[in-house]
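What follows is a single structure, and I will ask about it in a moment.
Chain lettering (A, B, C and D) follows the sequence in which the chains are written, and residue indices restart at 1 in each chain.
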Amino acid sequence: MNSLIPLLIAAPLAGAALLLLGGRRLDRSGHWIGVLAAAVSFAFGLVLFFQMLGRPVSQRAVDVKLFSWISVGGFQANAAFQLDQLSIVFVLLITGVGSLIHVYSVGYMAHDERRRRFFGYLNLFLAAMLLLVLADNYLLLYVGWEGVGLASYLLIGFWQHKVSAATAAKKAFIVNRVGDVGLSIAIMLMFTQFGSFTFSQVFAAAPQESRGGLTAIGLLLLLAACGKSAQVPLQSWLGDAMEGPTPVSALIHAATMVTAGVYLITRSNAIFDLAPDARLAVVCVGAVTLLYGAIVGCAKDDIKKALAGSTMSQIGYMVLAAGLGPIGYVFAIMHLVTHGFFKAGLFLGAGSVMHGMNDEVNMRYYGGLRKHLPITFATFGLGYLAIIGFPGLSGYFSKDRIIEAAFAEGGTEGWILGLTALVGAAVTAFYMTRIMLMTFFGERRWQPDGKGELPHPHEAPRVMTLPMIVLAVGSVLAGGLFTINDAFVNWLTPVTGHSEGNSPLSSGTVTLITIVCMVAGIGVSYLVYGRSAVPVNPPVGSALTRAARRDLLQDDINHALLVRPGSALTAALVYFDVKGLDGVVNGVSATIGGLSSRVRRVQNGYVRSYALSMFGGTLVLVATTLLMRSV
Amino acid sequence: MSLMTLAASGNTPSIPAPQIEYGQLSPMLIVFGTAVVGILLEAFLPRRLRHPAQVGVALLGLAGAFAAVLVLAIQGYGGTRSGLLAMGSVALDGPALFLQGVIILASVLAVLSYAERGLDPRIDGVPQDPFTAQAAATPGGEQEQLATRAGFATTEVYPLTLFAVGGMLLFPAANDLLTMFVALEVFSLPLYLLCALARRRRLLSQEAAVKYFLLGSFSSAFFLFGSALLYGYSGSFRLPEIADAISGTAPITPALANTTQNDALLLIGLAMLAVGLLFKVAAVPFHAWTPDVYQGAPTPVTGFMAAATKVAAFGALLRVFYVAFPGVRWDWRPVMWGVAILTMVAGAVLAVTQQDVKRLLAYSSIAHAGFLLTGVIATNRQGIAAVLFYLLAYALVTLGAFAAVTLVRDSRGEATHLSSWAGLGRRSPLLAAVFALFLLSFAGIPLTAGFTGKFAVFQAAAAGGAIPLVIVGVLSSAVAAFFYIRVIVLMFFSDPQPNGPAVVIPSTATATVISVAVAATLVLGLAPQYFLDLASKASMFVR
Amino acid sequence: MSFLLTATCAVPAVGAVVTAALPAGTTEARRRTSRATALGFSVAALVLAAVIAARFSPDGPRYQLTESYSWIRAFGISFSFGVDGIGAVLVLLTAVLVPLVMLASWHDAAPDSGDSVAGTPAPDGSFENNRRTQGFFALILAVEAMVLVSFLATDLFLFYVFFEAMLIPLYFLIGGFGDRAGGPEQARQRSYAAVKFLLYNLLGGLVMLAAVIGFYVIARDQNQGTFDLQALTRAIADGKLVIDSSAEKALFLGFFFAFAVKAPLWPLHTWLPNAMGESTAGTAVLITAVVDKVGTFAMLRYCLGLFPNASKFFAPGILVLAVIGILYGALLAVGQKDIKRLIAYASISHFGFIIMGIFAMTSQGQSGATLYMVNHGISTALLMLLAGFLISRRGSRLIADFGGVQKVAPVLAGTFLIGGLATLSLPGLAPFVSEFLVLVGTFTRYPALGIIATLGIVLAALYVLVLYQRTMTGPVKASVSGMPDLKARELLVAAPLIALTIALGVYPKPLTDLVNPAVADTLVQVHRTDPAPVHPVAATPGGVTK
Amino acid sequence: MNPVNYLYLAALLFTIGAAGVLIRRNAIVLFMCVELMLNASNLALVTFSRLHGNLDGQIMAFFTMVVAAAEVVVGLAIIVSIFRTRHSASVDDSNLMKL
């Protein structure tokens, strides 16, 4: 039954191929083909999951080799898949949440003339992500890795006629490429050191490698993860990526793309375990991003961008956890899964709001929507509670464990990380409450659209609300289910290993502090946005606020550090190519031409001067002949 | 014993009657004989019959000479049976026969393009050939017009050419300096005259003749003085005997013992002799006449000069250096290196800015002389073979190129200014393509005759240790390629001028010339094996 | 002795003659006949190329299907043909691309197009005008024939002759059938480009000629007076032919210079943007995807095979130039305003990769470089031909003249994007396999260079996506609003290329199987082995054969 | 007298002739200078003939004279025809073709 594994990928891939090549014939029914492809893949995933459950722990991981892909000398890359406990979690998340987003999109994109293509891209996205998590070696993973980049490029820029969308898509791809450089070099380094880049062989050989080598590999993998998971310093694409249709944002943020970095680090646990320096870098990146995203999330008025900041921050949690090593891998993945539910729910909710509000995204023009969009309000609300870690909901279980694990790192490091995580939790509560309050509570601040009509908010059709409801249920229950008997931890331990660490604070204490932080965040938020009316025009705000609105000046920094010098360099090189190199080429021919016209003058037409040149030539000839003899 | 005492003794030894091998000398004798017949025809035939008769006789004579060359070659005179004729003053060996064959071939083609009468419009129903109606008439004068109307034609060109051909046949075969000098003058004097006989642009034509004549006789004087010095050194004009004197194997007389110690005689004589020969091959710095003469002379004559003169002169150059001076090659090689480099570079560089197609081809011929000199410098058998092959290829392609030039005409005759060639590829793609093929061959593009020749001389030079020459050679080839390609660009990728020249459809004569040249370009480029073998077999000088 | 290889070269050559000799294209029907004839011959060549690939046995000797006919005995030159794995894949590439180029250029050489040669109309019904179509297709076939000979020749001289001779038909293709847009100024540019192309390459070829002669003379002095490649390499391997070290270096440089000009390697590249920019898209493809490959191919076969020690000596320097070329080409591509010049600079960057792979002297590097030649051919052909379709619709090559094309011509935009993605070596597409192999192959021996070169992939993304963004996305510009989408003929051109791009990205094994043994042999010639892993995996690495 | 002195004279005459070619403008005079060079050669030939005691040099001198005579015929014809055209025998007037 392992032959199902390739089919997991084949189903959405076939869907994509069919939709993209099928032409207009499929315009009317195409979206259902897309949904079907995703659902079939999910079904396969479930079957495989239950099969895996039925096997003893030691035999749960299976390998399937399809064919030898690249074979040159010692360089052997197979098209081979590995399905183990870690990948099946991702498979289910990707296909499950992915299918729901597909269903939602049927409604959301109902009026888009290019809907068929949209579903094609969605299917491609799933296929690429599945390839990423199912590959049994880094090179094949790389294919999925870039495939995800491509799909995100296509989807972020789906509305290509908008300049901003096209630019955002390009930015996403290029920033990701920077990360990909890290993955490429990491693979090359593995090949040079181990002669292989298959997971099993690399991990088996890793202990022989020097710490420096492992650290290098770890850092390169981190660079890759930063790109895909939008971690500082490669975070800048994520906010702009909101130019894509909302389901795309949901897909990128919840089920695919940004989770890939966490997967990569967790998958490479054997390397990171042996490279503490690399791990330190990972936790630093995670911690910084966690705060970064949270701060940005507080300042944004665009609902999607605020959620994007939140994603960045939550992924920061995961990366932080993954960087903690065996203490944290499992919780990173657990948070990833729960986050998948509630962030998908939140984004779909946001999409539903926009759907009702004529695609308005500015929260300052929302307000009081809870009565008009009850289902959206309910599902969004549950997602909200889950993300801020309201006790009993899924975010509570996963995030809490990460904060605990951060403290458990021990020493000063542990304290710094733990406190960072706590601050993050408080800020999360603040900005999420802000979103809730600005969107669903308070006065209506609706603005007339271009035709002067006020929006008529209405609940989305069932095809959109149904996925939201399912996701809301997941957001509520997932965390709890996972913690029963430490089921999730036990499930993943064979792959990632797990150790408890020794926290300076007891589990209960951490939980308590976390809840306090959360409440504090909510409280402050309520004081600012709940008690008083939200101004329609944003106040000037502090320097930090203003910076945060501009994503903490990320684009300005990139511009100053990379873009401007880069274009100056390019311009200089273009000049150099034309005037310098080509100048030499043309200069040579000009020199010969000039020489020619100068020497030509000797040929002056006077027979006597010709005779003179002959006579002179004779003298020289005679003289040199004689000279040759005397020398 | 001095001559005076010899005569005074009254004991005059009987002078043996010279032994002349008429059969083996027949190529030259046939040509000279035909030339004499031509003079007689000129004297006795009515005017209207002269043209066909002269052309026919000339072609017949040349064909006979060629047949004679073939027969001699088949009989093995180019190889095993090669030897000296006419009391040792003429050599019959591989190089001589090969080059005589080439010269005759070139002459046949040249005569054919002389005979072309279809290019200029008829005047009063009289077809006009490339030569002036009456050479004695002043250009543009009344007498000239009358002569033209009356259908006069300078049919003397055919016997003149045959005399020149005869001289050229003798030149590379000459085994002593006396014969060589006579041959030099025999082929030069008719050429001076031929230069002056253009129908159009007679001022240029006459100027070319004056320049060629004055400089030519100037160079002959050097040749002669050089011969005198060499005679002084060695006591003989015979090339092998000069070589013996140099190597010290000659029978020693007291006078000889005296002079052979004086290397200055040898070296100055050698240099001055070389000047005379280098003038004929148009090597820098003795090249100055070439562009002016090539431009001014009637184009068919230019073609003949460019092809046949160069062949003959290189033949003599080879013989002099390989037969007479191998013993002092360490003296002349460095000097010839310099001349070769200067010739290649100057020829190529100067051609870059030329605006007249005939001058361009003149400079190109200078550059080719440089390439040929690298083969001469090789001082090995491959060098001889390579030069022989190169000359064959060069002569045929050159004749084709000049024949093609005659076809591009406007109201004032040939349009040789390059600007009027613009867009020729669009008006007359066939001619442009053919001319482009010749240019590519000159440029040494593979699969053409020029490439094979160039490869042959360069590899011979390299084998002879002249690698730097080869490098200079390829670099100047690159420069040379530039101006050949410039012409191609002009023909194919530029707009034609509104009142540009037209391409005249030639008669069979010129068409034959061009076809043969095209065929030669391709055959010598694609399947040169037979001719390389021939040249290789012919690459042994008799002593 | 079979005649397969001769036949493969002869078919396009005969085709060229036949096409040129067909009756003048005074009517559309006649022109169609000449086009169809030419296409027929190119397809026949493709069939023969496929037969070669099928009959080639990777386990057999390096050169197979050998034939030899005497040509110029005086210089030890013969018409010797033989195919090795590297040659086989490049022959296939050539044979595949030429029919597609013809199909893409179907109307590029139509008469009375008003542009004709120099921006002014040719006189109607003139000879030149009527022969235009035939001339164009005959020249393409001539180029194909010469390229095939270069790939199949196992005689150094034979190779050299055709290496040089192919410049001439290409020169006429560039100069005579340029891009339609623009007036006299562009005609001037075009003839400048053609002359620059020819002279630059001719200079390279002439320098090589000096080296060829030098090599021959040295070999003859040691009784190896032949140009037969197999005999020469054997003699070098057996020590029967010993070239003094400094002479070997000089000869290597002579050869390498010619190949580096043709490839082109930075800083000898400046002819390429002019040539590709000014010629038709079909000609540009012929230059960059087919003809330039002869240069890199020759580096691999002749530089390494004949001068192993000098190759090793110069490898680091060449690698540095290659890496500079990778980054330089990419940066220049970013700065271009002209679509075709952009693609040209991208190609320069890619040639940097190919040359880097060759001189890294590892099996990954060289196999990768060979695959890269094929894949670059396919991907550039795709991108360039589509760019040509795009340009012909708008009549401008300037990026700024386009915008929003995807809205009006989605299929054109989509296929163009695939071409772009192939150019930036997206994993899953063929160029990725080769690029990664080259990078790995370089990294294992020269880690620093490998890392620097890897930066090129970011720049590749930049220039491709900037190009796509500016031309295809955004609001629809008025000038492109009526632009038709791809026609059936154009789709027929793009589809096989796209299919190949994907197929060879997913399953490159057929190619690697052909190439690997030849590369292994090359490495033996230069006495190089792959660097061993520092910590080899205990068990034999998965699936290692041999 | 030492025959070598004749050689010096020959060289002197040759040089004078060459200098005359370079200096004089009139085509006829130019040509006469060339003749002077030829005769210088003749003198050298005869001297060497005497020196070596064989007749070859003298024979050569005769041939030279014949050749010189032929040259005069041809040369004068050309010079006269151009004189008739231009009414000038100055070689400096003949420079239509240059560069």
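Here is the rule we go by: a residue touches a chain if its C-beta (ideal position, glycine included) is under 8 Å from a C-beta of that chain, and two chains touch if they have at least 3 such contacts.
Nothing here was measured: the structure is a model prediction, and the numbers come from that model.
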Chains in contact with chain B and also with chain C, listed by label, are A
Chain at maximum distance from chain B, centres defined as averaged CA atoms | A
By C-alpha centroids, what is the most central chain here?
-> C
Contact-count maximum falls on chain pair A-C
Go ahead and note the Å separation of the Cα centroids belonging to chain B and chain D.
-> 24
What is the distance, in whole Å, between the centres of chain C and chain D, each centre taken as the mean of its C-alpha atoms?
-> 64
So, in whole Å, the Cα centroid of chain A is separated from that of chain B by 80
Separation of the C-alpha centres, chain A versus chain D, in whole Å, is 96
Flagged in chain A as touching 2+ other chains are 589, 600, 603, 605, 607, 611
Touching two or more other chains in chain C are residues 199
Shared interface positions of chain D, touching two or more other chains = 18, 21, 30, 91, 94-98
Chain-to-chain touches, reported pairwise for every pair that qualifies | A-B, A-C, A-D, B-C, B-D
Which residues of chain D touch chain A in the complex?
-> 18, 21-23, 25, 30, 91-92, 94-99
Touch list for chain B against partner chain C, complex | 385, 423, 425-429, 440, 443-447, 451-452, 454-456, 458-459, 462-463, 467, 470-471, 473-475, 477-478, 481-482, 485-486, 489, 492-495, 527-529, 532-533, 536
So in the complex, which bits of chain B are touching chain D?
-> 1-3, 135-136, 138-139, 177-178, 181-182, 185, 189, 192-193, 196, 202-204, 206-211, 213-214, 217-218, 220-222, 224-225, 227-229, 231-232, 235-237, 253, 255-256, 258-259, 291-292, 295-296
Over in the complex, which chain C residues touch chain B? Could you list them?
-> 70-75, 116-120, 122-123, 126-128, 131, 160-162, 164-165, 167-168, 171-172, 175-176, 184, 187, 190-191, 194-195, 198-199, 202-203, 206-207, 209-210, 213-214, 216-217, 220
Considering the complex alone, what residue numbers of chain A touch chain D?
-> 600-601, 603-608, 611-612, 615
